[in-house]
Every structure is written in C-alpha cells, then in structure tokens.
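Shared between the two complexes below is subunit A, which has subunit B as its partner in the first and subunit C in the second.
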Partner chain A sequence: MFDIGVFLNGIVEISKVVPKTLLLAMFILLLALIMGAFIYLIVHYKVPILSQVIVVLQSFLRGTPNVVLLFFMFAALPELLTSITESLGIPFDANKIEPVFIVILTFSISLSVFQSEIIRGAILSVDQGQNEAAHSLGYSFWQTFRKVTLPQALIAAFPDIMNSLLVIIKGLSLAYLFTVIDILGQAKLLGGFTQRYLEAFAAAAIIYWVLCVLLTKIANKIEFKMREGFN
Partner chain B sequence: MLSIKDLRLSFKDNEILKGIDLEVNKGDVVTLIGPSGTGKTTLLRCINYLEKPAKGNIILDDLNIDYEKITKKEILALRRKTAMVFQQYNLFKNKTVIENVMEPQMIVQRKSRKEAYETSVEQLDKVGLIDKLESYPSQLSGGQQQRVSIARALALKPEVVLFDEPTSALDPELVGEVLKVIENVVSTGMTIVLVTHEMSFAQKISTKIVFMDKGNIVEEGSSKSIFEDSTNARTKEFLNHFNTNKLNVTKEEVYA
Partner chain C sequence: MDVAYMIEIFPKLIMTLPITLLIIVVSAIFGLLLSIGVTYLRLKKLIIIGPILETYVSFMRSTPILIQLFLVFYGLPVLMNSLGFNAGDFGAITSSIIALIIFNGAYLSEILRPAYLSVERGQHEAADSLGYKPIEKFRKVIFPQLAPIALPGLGNAIIYLVHDTSLVFTLGVVDIMGQAKLMLANTYGENKIEMYLAIAIMYWLVCLSSDRIIKLLEHFTYLKRIKRKSKVKKTKVYKESVSIQ
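Moving on to the complex of A and B:
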C-alpha cells in the first residue's frame, strides 16, 4: 500500500524546492524585521495618527487568519494598483503581478507586527545599568545603541526571530493556493503526477519536520555562541 | 575645579535635593555620607547627568553649565570629563575584560586598537587582573568585576572619578580588595567624589567629608572635624550608629 520507492523519490523531488522556500522565508523575515523596527519606533515615540493606525492594524492582523489575508490581498492588490496606475496614466496590467510578490508582501506585513513586539521586548530586556555605564563613559546616544543596546537585544531576540522563521516556512505552505510552488505545492504536483498522494504528502511532512529540526539545531548553536560569557 | 551651585532635583512631588552647593578641588577626595534615601547617590549621578536636575549650575574644568539649559553637547562633554564606578559594576556583559576596558577608549576617544590595548593592559595590571583579560564578567567575582570597572573608568583619564557605593554589593570578604584598589587610585592624586557606607575607610582617605541628610548638606569639613570634633546633633547621631555596637544593626543599615 505504501510505496517506499515513490516516497523516497518524493523526498528527492521535493527537496529541490527547499532552497527556494528557505530563501523566500528568510527574505520575508528580513522585510518583516525592517517593518517591525519602524513599527516599534512609531509606537515607542508615540508618533501621532500613525501609532493609532498601528494599534488598529495590530489588532486586525492578530485576529485574521493568514489564508484570509492572502485571499484578500490577491483580490484587493491588483485592483488597487490598477486604479492607481490608471489614474496616473501609466499602462500597467496589475493582473500580471507575480503571485510570489503578493505572498511576500502579505506575509511580511502580517508578521511585522509580531516582530515589533519581539524587538520591543528585546530592547526592554537590556539591563538599564548597561546603558547607564555607556552613558557615564561618554558614549553618545547612537554609540550606546550600536555598541551596547543592539548587540544585547539581538541576543535576547534571537530565539524568537528564529521561531518566526519556522512559522514562515510552515505558513508558506499556504502559498501553493496561489500557484507559488513551495514544499507543499511541489508535493501536490508530484502526487497528481504519480497518483500517489499518500507518499507525496508523507514526504512533504518529513521534509518540513527535518528542516525545522535542523534549523532549530543551527539556531541553538548560534545562540550558544552568542551567549558566550553571558549568564 | 568642580563646583556645584544650588542644585535642585525632584521626583514627581518628592524633593530629593534641596539646593546643594559643593566644591571639589583638584586632587580632593570628597566623600558623601549620610543615611540612605538622603540623595547622596542622586547628587553623584547629577554630576554626569545620569539624573536630570531641575535647577542648578555645575562648573567642571572649562565647562560652565546651567542644568536648566543643558544641551546634548554639554551632556556629552560633562560625561567625557568624568567617569563613574557603579554599585552594580555594570560591566558590558557580552564583552571580555579587555574589551570592556578597550572599547570606551576606542569609541569615545577614538584611540587606535593598539593604543587602547596598551592603556587597558596597564590599567588592568594596576588592579591586579592581568591574568583575566579574556574572561567574561560573569566568570569573575564581584570584587574582580568592580576592579575591572575601576580600570575601565581610569583608562579614560577622566578629570574626576565618581564612585557610587562601590563596595555595597560585594560579599564582605571581597570589600577589602576593592578598597585597596581605590586607595591606590587616591595615592595617584586623582580627584574623587565617593559615596560609601564604609565609615572608617572614608575617614582614612578623604580630604573632605560631606554629611547629607534629607536632601541637604548638613555639615562638611575635614575627616577630623566631622568624625571626631563635630558638634552637630544630627551628624553625631548618624555616626553613633557606626561607632557603637556594630552588631546592633540599625534600621538604616538594614535598608542601606
């Protein structure tokens, strides 16, 4: 019933999209971190209007499933872009946007609010005495941030950031709904091709599992190295 | 050289410092003593603007600053002429001993790596930690950490070193090694402002003792004039806690 040969072949075939999935996930994480940093700054410095908008956005993104967001963005974004470009008189067919861009945008926006919380927590976790020591030695605001706050906050944030990477990798399985081929997408194609869905999905599950275990191990190694001397 | 005039500071409605005047001459060792919660540490932290006074003036070397109109540039200048040794050491946790001493010189004074290294080794040798260059703070005892923090402060060649209860967080058996290092610093002629509860140490090293109570300076003068000849009732009452039966711990000492 379970064809080991098909399963192993599935592992090999699906593995081919792992690098692409990883790259995509890391790119989304990077964007989410950059946006998260801006969100943190807006909230921290209580920028009028923007900080209120963010509060609503945060609550909205927390309360909506990613699938819904993806469907919404796929419906809304092309129309929005088309109406903008039309009013500007630029010839542009928004329906030709690569789906992968919409996936990247949706995921990075939805994750950015969580990244901003991670950043906030990490910065708060830095002992105030560390900053005071830098100030007392004559470090400027930026020197204190760059040399003391940031490196120590990074250590604190690292496990959460790596966890976000795993969340993205698993979440990207939704992207197959929009023709972006990741691990699950590849498995579905393979299953259709061989008519052996069980083996194909089993292979996909195993690959997800191994990938996450490996990434966790690597993350632990890096974290251990970062925490050297840090109790 | 260091002169503070009418310094006032409040936290919310609570007035902590009620118009402090303080003079420190070059080479002075000025020790602030007094009960806990009196504002000694707060006053010390005003000198390098870790606390923000509401009013007052400070003159340090060629700086003449009105706290009400202080600029970012003046804050930085003030901090670069002073160095502070904290009660909790506050060494950079993610840096080794040598990096802790080197980095401020490279960042703040733009010294080359080589120059900073040489100064750091020299300073760490003076505090007896030449064999701990590559250790992290968490691998050191409290006394060793405090000695590193003194080396870090001195490596910047400040005009004044501010000691904020440098031995209060230490195990009793480690207090001696730190006091000895401070004594060595005193012997180099460094200008020092110190907050401590080590009364006999204060008596021994200070050129001037300042007794504070409830946000005011009650009395100031030489060690002898405060510790032996004071006629002020409040001063005598405070010092009696230390002179009489040490085992009879007072409330103030418990919360110190």
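Moving on to the complex of A and C:
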C-alpha cells in the first residue's frame, strides 16, 4: 500500500538534487544556444557543404529518440577519442570520461538544431523597417545587431527558449540510465534503498510538476517585464 | 565500423518492429479519442470537472514520460487493489500503452483546444443563423477550418510518440531497444556502435514515414484543396472562397 511517510521523506531527499539538475539543464541550454547560433549562421549564409550536412543532421536528430542517441554516443565517443589521441600520441584513457560530459554533449547536440530554428524565427520576426531605420541613422552592422535586432529577437525567442529548458529538464530523466543522478535517478536510488518504488516515483513526479509550474510562472513574469519597454 | 554486421542485424531488429508499431498505433488512436473527450469537456468550462482536467493536463505535460511509465507500471495494480479489483499484474506492454494513452490524452488536447478556439466566433454564428444542427455545424464548418491548424501539431505529436515508445524497454518490453539489449548481452557488448546506429536509422525511417502520412493528410485539407484548384484554373476562382477566415 501507499506509505505517506516514505513519500514525504522522498520529497525532501529528492529536492536536494533539484539545484544540480537545474544547473545541468541550464548549461546544456547555453551550449545548445551557442551551437544553434553557429548552425543558424551556416544555414543563413549557405556555406557550401556544411549547410547540406546540417539539413540531413536536422532530419536525423528529429527522427531519433534521445535514448538511442545517448546509447550511441556512450558507445562511439570513447572509441573515437581513443583513436584520435592514439594517433596524436597523447596518453589519455577515453573510457574514464565522466558520463556527465557525454550526457551534456549529446543533449546539446540534439537540441542545437532546434535552437537554430528558434533563433531563425526570432531574427525573422524583427521588422525589416527596423534595420532600415538603424541604417539611415548611420549604425554599423554590429551596432544594428546589438542595439536593434538583438533586444527584439530576444523577446520573441524567450518563450521558446524557456520551453526548451523544460524539455531538457524532462529529458534529463534519461540520464539515470548512465549513472548520472538527477531527479529521477535519485528517486530510483531511494526506491531501491527503501524497497518502495511507487512512493519514490510519486515524489519525483510531484517535484517535476512543481518545478515546471514554477519555472513557467517565472518565465511569464520575466517576459512581461521584457515586453514593458516596447508596448 | 562494420557495415556488414549492421546489415546482418537489421532483419533481427525489424522482427521486433510490430511491437513498437502496435504500441504507437494503439496509443495514438485511443490517445486521440481521449483527447477529443478531454478537449470537449475543457471547452465546456464545467465547475468541478474543469479544474480537475486542467490539473490533469498540467501534470501530464510537466512530468517526464519515463516517470509516467513507472507510475502506471508500479502504481496501477496498487490502485486497482485498493479499489477492490484484484487485477494482478498488467504486464509491461499493457502498462506502457495505458501510460502513453493517458499522456497523449492530455498532450493532444493542448493541440486541439487552440485549434478549435482559432476558428472565429463569426463562423459559429453564421452556421447557427443558417439553421445548421450542432453536428452538421461541426462537420461542415468547424472541422474543415480546424484540421489544417491542428495537423502540424498532431504530426509533431506522432513523432514524439515514436520517440516515447523507445523508452518502454525500461519496463521490460522487448521492442527494438529491448531486442538490442538482449543481442548485446549475447555478444558481450561487442559492436555497440553499429547496433545503436542501426536502431537510430530505423527510428529515423519510422519518423520519416509518419511525417509523410501527415503530409498526405494535410494535402487533402480544405486550404490545400483550394490552393490546388487555384493553381489549375486560375481564372475561375472566386475571391470569397480563398479568404476563409
């Protein structure tokens, strides 16, 4: 039967890993945004071979589940690194890489193509007239970007970026398969420890729920603040 | 990279594809039906059921699918027992299908509800003033306008569903991933890279084909039909028929 005591204890225990999960998710989001910006530039300026590669990669990453991708990276990355370091003659044991790094890398790669779409949409949403106005005021390219395009594009992209953060937090629940302890991983450990899986998972579900609702509320507040200056 | 090995294991992996497809198709159909009911009740704005449904949708959308699978797998037998039914164990496949149906009921209703609300109020009034019955109104006026808006979202949802079915191996279902685990255990974890690459390509193909099906459906919606007609005989198109909003 359902044990309330274990459940409450589970909530306390699991909430200890929430900061770590949040930090991990934000780091992944940041990396994905940086990669996404590069992908946007490659696609926007139609760099010959790379832009075609990215079209295929986009379709591939959209079509493959994150678990498969994670398993693939955990198998392929150490081998790839070993062969590279061996040919360079650097003594380095790739099998000893922390799993966290591979998880971060995989998630940021799989998200980067979606981030590039978000960036593209946000930049397109800025009216062409704004650029012309900045140009007529004698702004240089960088000045236009920094003072006109970026502030407006950031507002347009903000809801989508926050949404990706929630997607990452939920997606990180897969990391327990690779011994990276996030919210679900902690619940699994706790369940094994007390032999009460149901209560532990229920506690984790409540924590995910509260986290997502809170983050959505905060995001709405920030977005409202950001829009204040424009409307 | 051992391409010959990849080709060798491909038939073995395809053998398990029916289980994955079964889970996808059953949970897509019943999830859609559930979401239609949920959307209908949410649009009615009922006093007690309304907030309960909002809570259900918010909970389902903000917890990872993995945890929902575990909750159904471990929790449903306990719930049934406490309600007095001695249902015993549900089995991994049934549990995962139930979990995916419950999830999609909430997720798809978040796609259908905005699509329904995007149909203008005036369209309802016009249909009412022409004396259409509610069912007739929905079939002839609302649905043709709702479908092109909802279809891209539903297409994405199908892709996510395909992704989510890759997680059912955690409950012990022998689908593509489960089969891969078994095969890897037999060969002591050799050729991991080829195995997972083959699986990734397989999921890619499944997603591409479901994308195609949705594109095909979109081809038959009202808006696209008008576009096609206007391309074929440009002179005969009336202006009113294009501006449906």
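To be clear about the criterion, the second predicted complex is superposed on the first by the 228 of 231 C-alpha atoms of A that agree within 3 Å, B and C clash if a C-alpha of one lies under 4 Å from a C-alpha of the other, contacts with A are read in each partner's own complex, and residues count from 1 in each chain.
In the analysis below, a residue touches a chain if its C-beta (ideal position, glycine included) is under 8 Å from a C-beta of that chain, and two chains touch if they have at least 3 such contacts.
Worth saying up front: this structure is predicted, and the values here are computed from it rather than measured.
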item: Combined model on subunit A: subunit C and subunit B, fit or clash; value: fit
item: Which superposed partner A:194 touches (first subunit B, second subunit C, both, neither); value: neither
item: Contacts of A:204 with subunit B and subunit C, given as first, second, both or neither; value: second
item: Touched partner set for A:9, first subunit B, second subunit C, both or neither; value: neither
item: Subunit B versus subunit C as contact partner of A:213, first or second or both or neither; value: second
item: Subunit B versus subunit C as contact partner of A:66, first or second or both or neither; value: second
item: Which of subunit B and subunit C A:79 touches, first, second, both or neither; value: second
item: Touching partner for A:148 - first (subunit B), second (subunit C), both, neither; value: first
item: Touching partner for A:170 - first (subunit B), second (subunit C), both, neither; value: second
item: Partner chain in contact with A:58 - subunit B first, subunit C second, else both or neither; value: neither
item: Subunit A residues touched by each partner, larger count belonging to subunit B or subunit C; value: C
item: After fitting on chain A: smallest Cα gap, subunit B-subunit C, Å; value: 19
item: Set intersection of subunit A contacts, subunit C complex versus subunit B complex; value: none
item: Subunit A residues touching subunit B - in the complex, by the definition given at the top; value: 127, 129-130, 132-140, 143, 147-148, 151-152, 155, 228-231
item: Residue ranges of subunit A touching subunit C (in the complex, touch as defined); value: 1-2, 59-60, 62-69, 71-72, 75-76, 79, 166, 170-171, 173-174, 177, 184, 187, 197-198, 201-202, 204-205, 208-209, 211-213
item: Subunit B - residues contacting subunit A, complex; value: 48, 50, 76, 79-80, 82-84, 86, 88, 90-96, 103-104, 107-108, 135-139, 149, 152-153, 156, 162
item: In the complex with subunit A, residue positions of subunit C that touch it; value: 58-59, 61-68, 70-71, 74-75, 78, 82, 159, 162-164, 166-167, 170, 177, 192-193, 195-197, 199-200, 203-208
